[in-house]
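What follows are several structures.
Paired with chain B in one complex and with chain C in the other, chain A is shared by the two complexes that follow.
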Partner chain A sequence: MKKRKNFSDYVFDIVNTSLLIFISIVMLYPFWHELCLSLSSAAESTRGGIFIIPRQFTLEAYKLVIRSSFIWTSFYNSIYCAFLTTVIGVLFTSMLAYPLSKKELMGNRSISFVVVFCMIFNGGMIPTYLVVNNLGLVNSLWALILMAIVTPYNTIIMKNFFTSLPTEIEEAAFIDGAGPLRIFFTIVLPLSKAVLATIGLWLAVASWNNFMMPLIYLNDRELYTLPLYIRQVIDGQLLARTTGEGAQSAVESVIGATIIITIIPIICVYPYLQKYFVKGVMLGSVKG
Partner chain B sequence: MEAVKQKNPSPKGTVMIQSESKWKKFAKNFPVHKYYYLLMIPGLLTLLLFRYAPMGGIIIAFKDFKIAEGIFGSPWAGLHWFKMLFSNSQFTRVLYNTIYISLSKLVFGFPMPIILAIMINEVKNVPLKRSIQSIVYLPHFISWVVIGGILFSMLSPTVGILSIFGFSKNPLLEPSNFRTLIVLSDIWKEAGWGTVVYLAAITGISEELYEAATIDGANRFQKIWYITLPSIASTIAVLLILRTGTLLTAGFDQLYVLQSPATMDVGDVLDTFVYRYGLAQGRFSFATAAGLFQSVVGLILVSISNMFARRMGQDGIL
Partner chain C sequence: MKGLFKKILVLTLILSVLLSVAACGGATNNLSKTNNGNQEDSSNAANSKNDSSDVDSTSTEKVTFHIYKNGGFPDYPADGGEGKQDVLNALAAYGLPNVDYKVTAIGGDEYYDKLNILAVSGSLPDYMNIDMVTMTNFSDQGLIIPLEDHLENMPAAKDRMRQVDLDAWTYNGHLYAFPVAYLEGAINGPNTTGLIVRADWLEKLDIDIPETIDEFYEMLKAFKEQDPDGNGQDDTFGYIGRDTTLFEDVFGAFGIQPTFWMETEEGLRLGSTLPATKEALAVLQQWYAEGLIDPDIFTNDQSLQDQKLANSKGGVYEGSGFSASVSNPEYAALLNVVPTAKLKGIPAFKGPKGESGRQEAPPGYGNSHAISANCQDVDLLVKFLNWCADDGENGGMYLCSVGVEGKHFELSEDGTKINQFVPYNEIYAYGLGNPIRFQQVVDRRWMEDSAVECFEAFDGMYRENKFWGTTPSMLDYPDTCEELFREYLAKIVMGSLPVDAWDDYVKDFYAMGGDKIEQEVNEAYQALNK
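Moving on to the complex of A and B:
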């Protein structure tokens, strides 16, 4: 396509691009601000204002933060939850979704309805808490894991993916004498890496960022996941500021360093996150 | 597609239409199909335990529930808790806050991804476009706890960027600004990610339409107005309809993280209300009644919005 560019086109492009760059700066600046705070000296970070670069560069805040054993405990708990949620979740969801993609299976529609109904109605916070309490899972990381692994939406997405797979290979394997389990684990799953990765990343990010569930179900500080830990640091530091106790201990830069440390894992996998999350939105919209 | 069709025949209906020959077929297939049922067990068990069992627990909204007496041992209370709920001035305010915040997010937040997607689509330089996309998607992946921490320190009158403008108080602690900041921060966090769906829809528009318009002498605004927007109109309509189904959810994480005693009057919403009364104060039955009200209204809204979406030839979530 050959485009004839005229004056108004140039003006449009310049204005549009500048606006978008401005928006990008607005999106990024808060993170940059936090990074600069965490790398500035206590005195400078408390002075505030706009940061172009860290002032009086120092790693003091990070040294202070990583010395606390609690951040490592929380880090470990978060990784533990995210890892198990992802692995078990992908396994259980695909195991539930695959049979639902088989039209000839009796009860298929009823079971699908059972899955979808959870999406539009739920028992609510308190009854759920009481059930988890009766199962003896309050104050256990397994509460977070078990409640997150199977979601109706993920199941539907996977089911639609399995339905779209060509059936010829499965049929050939069946004629060769392979049973459904063998077909599923050795043929279907390896063909479904894209959707497995997408659902896996959804589960991992949801688990990593989950705040409400740990808030409700965890009491022990030893079990805190990162979001709860951050919340506690922020509350604690704010309290210290109001009572004047924390005046000496770089309040702002400590909060900043804690926040940056917890964002780092997300940033590290961000290219994959972006790719597979966008793919997931497409899967969802194709299904409608 | 499948998901929609399944909704229509009720589970009961499905069982009823099973004729003799279907049972025979079932028996014939069972040696192979039993493995399919086997595969589903862990997933179904999880749903049963953590989704359906709590639905049964809703019963405590109609009982005077005491933990010691258990769900079945506690005496019935009829509609007592619902009467209390609606005569409770705090609850009416919480309901008002929820709808107010949720509607504001809808009115101001909904158009943003559309505008942003159109703007991004007009960038013809591919690396620049990719970079802008990567940047605007980023906040979506960061939790509200982290964003809350960043916001509090950025808006702090002593250490934040506002210090240079001479603010004397953190605007997040002032009731008059609180809801505006809730809506703005929500837009900041989610508008970029919201563009993904629209950008996908825009990609599907035929390039020939734009070429024809160029030959006819249309300028960029005219092309956006007469080609891009009408082409994504159905996507916009469906997303708008589906969004109205979530009118009673204002967002627990965001509100819980950003609210403070000073802003409770304007910032307390249904989710945080249920949490505070139920888990912090232990008034289980009262909080469950509030939660049930929210779930039922939510169910009705989602059903209606899905009906409309389907009438438009779209599939919705059901």
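Moving on to the complex of A and C:
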């Protein structure tokens, strides 16, 4: 039976809605500000202030950014890395987490200890660089992909999920003659879409936003990813200012346009995967 | 549903395997090209160690120099663009047919993180932008080579370098970096900054350009009180600036620069520890209390300073002479709001004892380069650098500076002006200009007349720093020489500390390693001047 709302319920709803709208605006405004800056004239974007709508609307900043062939190269590299990191990462993480979820596995505790140990202690930037260099991976996109595919945190999240799956399903499959590989690929993975999507999204976003690893491991400009490109744009604008060799474009609007262009793919994907993201947060909190 | 999931899984796996194979195949191709002495450059995992020059066995084959630039060049093509062929043709005509180059550009402080990592792994590039601290570290470790003997082989650059720059890049008796060279003339000097004033406000309020600190004070008061923007509101300040503003002209009027090493009877002392600093701080505190200085001056960044200028909130600021060029974004923004606005550079004003002078630019114009010990053909690289600075027949100075004559620029008949047909970023996109300015010759003949006037007004207005080098204690106490002073400067000027707090600052300075730094600086200075 539906309860009738009394006065205090209405007050609560109004306050709650107003508060959430206010928080949403506070969260959304930085993005809106960048969008307005990117669509405003150089003069108006330099004048700054609060932007409700773009001032002296122009697409000049976008023309400047899109004209560079470099942005498309870095777009391709970023998509390439994000896609492969996600696919290989989800596969490898699940293949590590699944056996670890089986308590009867010999050496389970030792391997789990190693995984957790890596979570707390790592080699540091320079030793890691030397290892990657000795593997011949420096100046290759594979340095970014292979370094990111398995992380202890993701492994633990996934292991916890697998632990929570009813063992009876696997036992039934085993009695019907399925081997461990078949059980894993045809029973366990299809039942774990939520965790796979969550880990996949985490890996994709982390790869898309990664700045330090491409900076350290990549040398050639044709391998640069989007974060490196954005940094080039910002540094280019600052350098132009120092040397007086500007292109009559405002620093703020060019940076705004670059940011908008580069976050479009993530914005397109995010709403569809958001529900998994929420589930993913719950995964880490209630299962043990 | 399960079937669909299985199909997607299988397809994704196949795709990832195919992409992996493609990536490995690509790497193999690149490797084979390099091994064959092809002009194409190495760019893959397998030969990542070869960040040094690829020297081939015969002299007619290409030698590719790997060059690291500290800067952002988003327009510069990954393969060097069309401009690279122009450069290679000019090099061939110049007698250097076997030179090739590959540029990696990284901006900001991360550039030095990257260099340090490359240094640790023994894969420094052949030639790289370098700063003073990195030069000191790398030379101690033998990672970069002494250059004084090679300087003789690059006459086109050497004759235009300043001795003070060469001294600054000399460490332990050896030159470790090539500084930039300069064409003659006031506009081509290393110093670019000074005070920029709203000349239209001066005209409106009938004020002459201030020559003394008292006249400057009167000007600030007029800007504050006489409503120069004519909006009927008390919303203007005299002095605007940003977090890096050091009030150079005010300190200069008292005969010092706080972050410069000054000559005294007891040897070199940091300007901020000399009593004249206290006098300047007292003046600034008074100006701030009277509202002549923008209250946000210590927290503004560049964009907030630009906003204040564009919105006519201030009448004078420390800026680059380039900002007096009408095409500069902040000037253009100001003109958009006030079409009659005019920015003008002014000479440094004099203090009570007739002293003046703002900070000279650090040596090298931020574009000095070192050669790594990995470089396999230093002689050829030095010849290449000489080509970069040569404005004679088939020389590369113009290609490295303003592009191709007739296509990107033309020289005036008397050779005093460069008329550019395209903006600089198009020259970079073509593959020329700053990204390949490996041995820069500063040439600003392309500037607009308003910027030229500004540079001429700034000419000769700079105070010398007696010591530009880095000593070990400066690395041990990185905040002592500048950050500590900036902290006290902000607090004293804003009135949260009394002017007498300067005495505490001096005590803190010496307590935080200042005594060691001062001693080392004096020893290094004496060694340099023996």
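As a convention for this text, the second predicted complex is superposed on the first by the 254 of 288 C-alpha atoms of A that agree within 3 Å, B and C clash if a C-alpha of one lies under 4 Å from a C-alpha of the other, contacts with A are read in each partner's own complex, and residues count from 1 in each chain.
Assume contacts are C-beta pairs under 8 Å (C-beta built on N, C-alpha and C of every residue); 3 or more make two chains touch, one makes a residue touch a chain.
Not measured: the values here are computed from a predicted model.
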| item | value |
| --- | --- |
| Clash or fit (per the criteria above) of chain B with chain C on chain A | clash |
| Chain A residues touched by each partner, larger count belonging to chain B or chain C | B |
| Which superposed partner A:179 touches (first chain B, second chain C, both, neither) | first |
| First (chain B), second (chain C), both or neither touched by A:69 | second |
| First, second, both or neither for A:234, with chain B first and chain C second | both |
| First, second, both or neither for A:222, with chain B first and chain C second | second |
| Contacts of A:119 with chain B and chain C, given as first, second, both or neither | first |
| Partner chain in contact with A:84 - chain B first, chain C second, else both or neither | second |
| First, second, both or neither for A:129, with chain B first and chain C second | both |
| Which superposed partner A:190 touches (first chain B, second chain C, both, neither) | second |
| First, second, both or neither for A:49, with chain B first and chain C second | both |
| Clash-bearing segment of chain B relative to chain C, given 94-102, 166-174 or 238-246 | 166-174 |
| Chain B and chain C footprints on chain A, overlapping residues | 46-49, 125-126, 129-130, 135, 215-216, 231, 234, 238, 252 |
| Residues of chain C defined as touching chain A within the complex | 2, 5-6, 9, 12-13, 15-16, 19-20, 23, 27, 41, 43-46, 48-49, 51, 71-79, 102-108, 110, 113-114, 117, 120-121, 123, 192, 302-304, 306-307, 310-311, 320-322, 325, 327-330, 332-333, 335-337, 366, 423-426, 429, 433-434, 444, 447, 451 |
| Residues of chain A defined as touching chain C within the complex | 41-44, 46-49, 64, 67-71, 73, 80, 83-84, 87-88, 91, 125-126, 129-130, 133, 135-143, 185-186, 189-190, 193, 215-216, 219-224, 229, 231-252 |
| Of all residues in chain B, those that touch chain A in their complex | 1-3, 6-7, 9-11, 14-15, 18, 22, 25-26, 29, 32-33, 35-40, 42-44, 46-47, 49-58, 60, 71, 116, 119-120, 122-125, 128, 131-139, 141-154, 156, 158-161, 163-164, 188, 192, 196-197, 200, 207, 211, 214, 219-221, 252-253, 256-257, 271, 274-275, 278-279, 284, 287-288, 291-292, 294-295, 298-299, 302-303, 314-318 |
| Complex interface listing, chain A residues touching chain B | 1, 3-4, 8-9, 12-13, 16-17, 19-21, 23-24, 26-28, 30-31, 33-34, 37, 45-50, 92-93, 95-100, 102, 104-107, 109-116, 118-132, 135, 146-147, 149-150, 152-153, 155-156, 159-160, 163, 179-181, 184, 205, 208-212, 215-216, 227, 230-231, 234, 238, 252, 255-256, 259, 262-263, 266, 270, 273-274, 277-278, 281-282, 285, 287-288 |
